[in-house]
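Consider the two complexes below, in which chain A is the common component and chain B and chain C are the respective partners.
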Partner chain A sequence: MSKIFRKSTPLIYLSPTILLLTILSLIPIVMVFIYSFMDNVVMNQNPKFVGMTNYVKIVTNSVFLQAFSNTMYFTVMSVVFHLILGLTFALLLNARALPPFLKAIFRTIYILPWVFTAAVIAILWRLMLNPNGVINYLLITFEIIERPVEWLSSRQLALHAVTFINIWAGYPFYMVSLLAGLQGISEELYEAGTIDGANQRQLFWYITLPQLKPIIISLAMLDFIWTMHQFTLIWMTTGGGPIRATEMLSTLTYKLAFSSYQFSHASATAFLILALSAFVAIFYVRQQKAADE
Partner chain B sequence: MNNPKSAMQRSIIYILLSVTLLIGTLYAGFPVLWMVSSSFKSNTQIFAYPPQLIDDSFSLQAYTSVLSNPQKLRFFFNSYLISILVTLCTLIVGILAGYSFSRYNFKFKRLLNMLIISIQAVPPITLLIPYFSLIVTLQLYNTYAALVLTYMVFTLSYAIIMMTGYFNTLPRELDEAVMLDGGSSFVALWRVLVPISLPGIVSVGVYTFMIAWNEFLFALTLTKTNDMRTVPVGIQLLMGQHSYEWNEMMAMSVLGSLPVLILFLFFQRYFIAGMTAGSVKG
Partner chain C sequence: MAILFNKGNKKMKHRTFALPLMLILLIAILSSCTTIAPQAAPSAPGAKGSVTLEFMQWWEPELPAGAFRALMDEFEAQNPGIKVQLISGPYSTTREQVVAGAAAGTMSDVVGLDGAWVNDFVKQGALANLSELMAQTGYDDSALAAQIQLNGSTYMIPVVNFVYPLFVNLDLMDAAGIVNVPTTRSEFAAAAAALTEPLSNRYGWVLPLSLEQPNGIQNDVMSWVWASGGSMMTEDKPDLTNPAVRSAAEYIKGLYDAGVIAPGAFSMREQDKVEEFVNGRVGMMISSMAHINMIRERNPDLKFTIAAVPVEDGYTGKRGLAYASWGIGVAANSPHQAEAWKLIEFLMSEEANSKLSSIANAFPGNINSTPDFVQTDELFGAAFEVFQAASLVNEFVGLPVAEELMRLFAEQFQLYLDGSQTLDDALNKAQEAWMAHF
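Then we have the complex of A and B:
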């Protein structure tokens, strides 16, 4: 009796987790998968199986293709600039010339953007990027632009503007992780490098970067997945507009489902986003496994 | 011979360092400063030319107006209640699961572990479509329970991974000592392991609270009436109205950011431990 109890103990502890994750993630994923092969689910009482029709319709639709390319631009640019800014800030904070109390102050300031939620970041930047806002004022004062620019309502600029906002919002995550990584690099490596006659640049390329590589890869992959899912920031700055200029896969899926009630098409795009994320996640897991060994 | 050069190099380094630190401060801090500054202005002065950080219209009017509006206070109440419930539930469920992963071997352990890790990569928007019908079917639409349960899907994986890792660092002799005294594994967990795991639990707690406090998509879709809305959705509702009350939106943003900011300032160490855990291997 007690042996049976013992054997089931771990499962008793895990039962809330298993219950929650089955009902709220496994079943929904199966549901969305099935939905994507049906016509007019949710709205229709007896939906029919229509095979790949939804996927074919979605993938050949120019709106989807634009959302896909916007999402890729937004994601790749965000990841690249997050990394550049995060690494720069981390190196700054790690500078030996910086006394510890200043380091603590600057670290707190540099982390600030990360403390704010996407909804707040969105309206803050809408205020600042307003044609009459402070950014235009500063750019005109320093003679970088001649007249006020409509950053978020111009078809040419809106995608760059939301990407810029997302870069601002996301670099601290890299900065903090890379700073921890930098502090973990053994001083002896640098001493050995210096004895071998390496200069600062060589020390950076041949010691710092290779040592940070596993962290950089993990960060970039996590960030790639999360940025691809970004909804709130886009929804509250441009709503995907003007005229689809900032439409992302996430905003398109949301609109398909909750504005046009085409739940089948929405399920197909939703499943494609999942597949894309899974693809990146598999690389992430492989990388983690390699790092563990 | 080497000295003058290195003295000059050093001062160049100092100047470069100070300039970059200053640029970084403006880049990171100016938008935040502008938010705070705008929240103290009158709405007619928001786009005044030339813009000033503090102008004649400086007052607490935007704050008093937000704080005396029962509907807006309700957004705050909802956000606090939901975030606290999500944090408590996530911690309890996560600690139990983490203990099980750390101390037992069982069938499908690896598979289950893989599933828990992979859930972090599932796009919220993918789950949203089935959630909508699922939550309606379970009769949870427009309830706190709908938000607490769905938020946990995104907070639980992290909590389990972190707690498993934390328990793994504690020697098994601790639980064995309790069990030798006739206590159960449950007693060992709550009386011995949990108290010494407090730093890990705080990390997970603040991180979970933040995710719940910031969530927008599910709150937007799974609730309907204004009395169920949370702060992020409330901010969007303010924006949807025809005249923009920028000063009130900024005041609400400042107030809406305070809980996370305060948690951050008090628990900075734990926050950073939580942020780095995902990517940095000790």
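Then we have the complex of A and C:
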């Protein structure tokens, strides 16, 4: 009896967490997975199993393919520019040339976009990018453009505009994490490099970047997953338009569920997003394991 | 050894406390999970045999604080034994919750409905047949202004109605030298051209075509069709290629090409449209009468008036006027449908409906009710005249996936407006896309 009790002790300790995870994560995921194989569940009172039909319909749909392509562009560009901007600002804030009080001021300014919620960011940029907004006003005042540009209403510009907004909103996370990483790099490495005759570019390339590599990989993978799920920002700025120009997998899923009431198609799309995220997550876990070892 | 023993003893002590703690936590979680079910159930008999009706709607937040609750208190006073629990939220959240509630069987007893949702909820088997409830209680429906029916049965009753007339900025009209408010399409086009001054950032008309909120298709595009007695349907099937729709689409394209529509139309939402008008950047807009107070609050100096949506030149028939409703329905799985019907009966009564339409600045769903503002407010009085002279039309009411239909049309219409496709292509593709849902 005591042996069974001893063996089950860890499970009892974990049981509240397991239970919560089961209720809040596992059951919904399994339900969505099952829904994706059914004949329009929720709206249909007696749904039938239809195998892979929903997945075939979804992946052969041109709207899905466009949403996938837009999502990839939005995600990859966001991750790349988050990294470039985050690293640049982190290096600036880590520079010895700046006095501490000035660093504190810049740190506050640079981190501001991260403080806002996606809804606030969307409203803010909708106002600024409005044809009557401050961006067009400035561009016209400085004679860079002649007429107001419809940043979020133009099929050619809307995707770049929402990507830019997301880059602006997300770089501080990189900046803060990379700054912490930079402050953890031993000064001795730079001293040794300097003695060996390395210039600033070589120090950055051969010491800073390799030292930051584990953080950069982790950040990039997490950011890839988060950005791929971005919904609020897109929904509140363009709603996926104009004419699907900014349609993302997340907005498509929402529209399928709550506008077309195609819950099975929405479940299939949601599960494809989950599969894509899981694919990246596996790499993340493997990278973490390798780093631990 | 002694130290190790003591440590082990401490561990044992920790385990002795920790294990029961874990078990208590587990029981607490389990019990909290089980208590969710009764709370989520549609309604439950309260103490002393009274019934508590859940009423989910988006109306309460849009009314003056406490006004809707006061109306419910009045109902409770008239119906001892029935309590009303209001579950209020924004419009879009209400829709999502009703969809989820219908699927999970936890829908509120009484629900606020938009006509655009009805078809889908009826298909889902979520709404009770109100015709049967009326028959059971012997209700005389002759005072109801409208009933939303499917297959000959009523599933939604419009409680109050918001019409969509033409708003005209009188200061801009004066400045442009226009004396009369346009009543025909050619007059409107001429007025819009005269009002437009791109360098001063002023435009004649505003057209929201956002795909996030595609109701611009209903309120700002199809209202041109309906105004001149046209239709986008033949019986119960879409007919988007008919001359009335073609003519309205071509007309709007003409306005777009003439540059009289405010920029940013393709991502503009209803609230942006009102904002443009409030700030005096557009001379005319088609909008809900419900926006009158908001416009006054935001810009008390703005001089504006209300008129009917212009019609095709030479049209002499009765004008159609787009409208939206705060509708009401009963959950099919409600165990208290009789009590739920009493609440609807109360809201549709002459007195309560007058009160509700007065506080909502809307037109009543009971033909005998008269809201206060009609006599006291000049603008609302003008709107009431437009309302009375026109026949109310909203062909999206009762259609399947109505919002998605608007979105599908908006996509093709945007492509037509920006010159990426012809009118024939736009209407044929929209027709094809719509037919897939019928």
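Going forward, the second predicted complex is superposed on the first by the 280 of 293 C-alpha atoms of A that agree within 3 Å, B and C clash if a C-alpha of one lies under 4 Å from a C-alpha of the other, contacts with A are read in each partner's own complex, and residues count from 1 in each chain.
The rule is simple: a residue touches a chain if its C-beta (ideal position, glycine included) is under 8 Å from a C-beta of that chain, and two chains touch if they have at least 3 such contacts.
Every value quoted in this text rests on a predicted model; they were computed, and no experiment measured them.
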item	value
First (chain B), second (chain C), both or neither touched by A:89	first
Touched partner set for A:130, first chain B, second chain C, both or neither	both
Partner chain(s) touched by A:285 [first = chain B, second = chain C, both, neither]	first
Which of chain B and chain C A:150 touches, first, second, both or neither	second
Touching partner for A:160 - first (chain B), second (chain C), both, neither	neither
Of chain B and chain C, the chain that contacts the larger number of chain A residues	B
First (chain B), second (chain C), both or neither touched by A:27	first
Contacts of A:16 with chain B and chain C, given as first, second, both or neither	both
Contacts of A:261 with chain B and chain C, given as first, second, both or neither	second
Contacts of A:57 with chain B and chain C, given as first, second, both or neither	neither
Overlap of chain C and chain B interfaces on chain A (superposed complexes)	9, 13, 16, 20, 23, 42, 130, 132, 235-236, 258, 263
Of chain C, residues touching chain A in the complex	15, 18-19, 22-23, 25-26, 29-30, 33, 95-96, 99, 103, 120, 123-125, 198, 201, 209-213, 262-268, 272, 281, 401, 403-404, 407, 410-411, 414-415, 418, 437
Chain B-facing residues of chain A, complex	7, 9-11, 13-14, 16-18, 20-21, 23-29, 31-32, 35, 42, 88-89, 92, 95, 97-98, 106, 108-113, 115-120, 123-128, 130, 132-134, 137, 168, 172-173, 176-177, 180-181, 184, 214-215, 218-219, 222, 225, 228-229, 231-232, 235-236, 249-250, 253-254, 257-258, 263, 266-267, 270-271, 273-274, 277-278, 280-281, 284-285, 291-292
Chain A-touching residues of chain B, taken from the complex the two chains share	10, 13-14, 17, 20-21, 24-25, 27-29, 31-32, 34-35, 38, 46-47, 49-51, 92-94, 96-97, 99-101, 103-106, 112, 114-119, 121-134, 149-150, 152-153, 156, 160, 185, 213-214, 216-217, 221, 231-233, 235-236, 239, 246, 249-250, 253, 256-257, 260-261, 264-265, 268, 272, 275-276, 278-281
Complex contact set, residues of chain A against chain C	9, 12-13, 15-16, 19-20, 23, 42-43, 45, 130-132, 147-148, 150, 152-155, 158, 235-244, 255, 258-261, 263
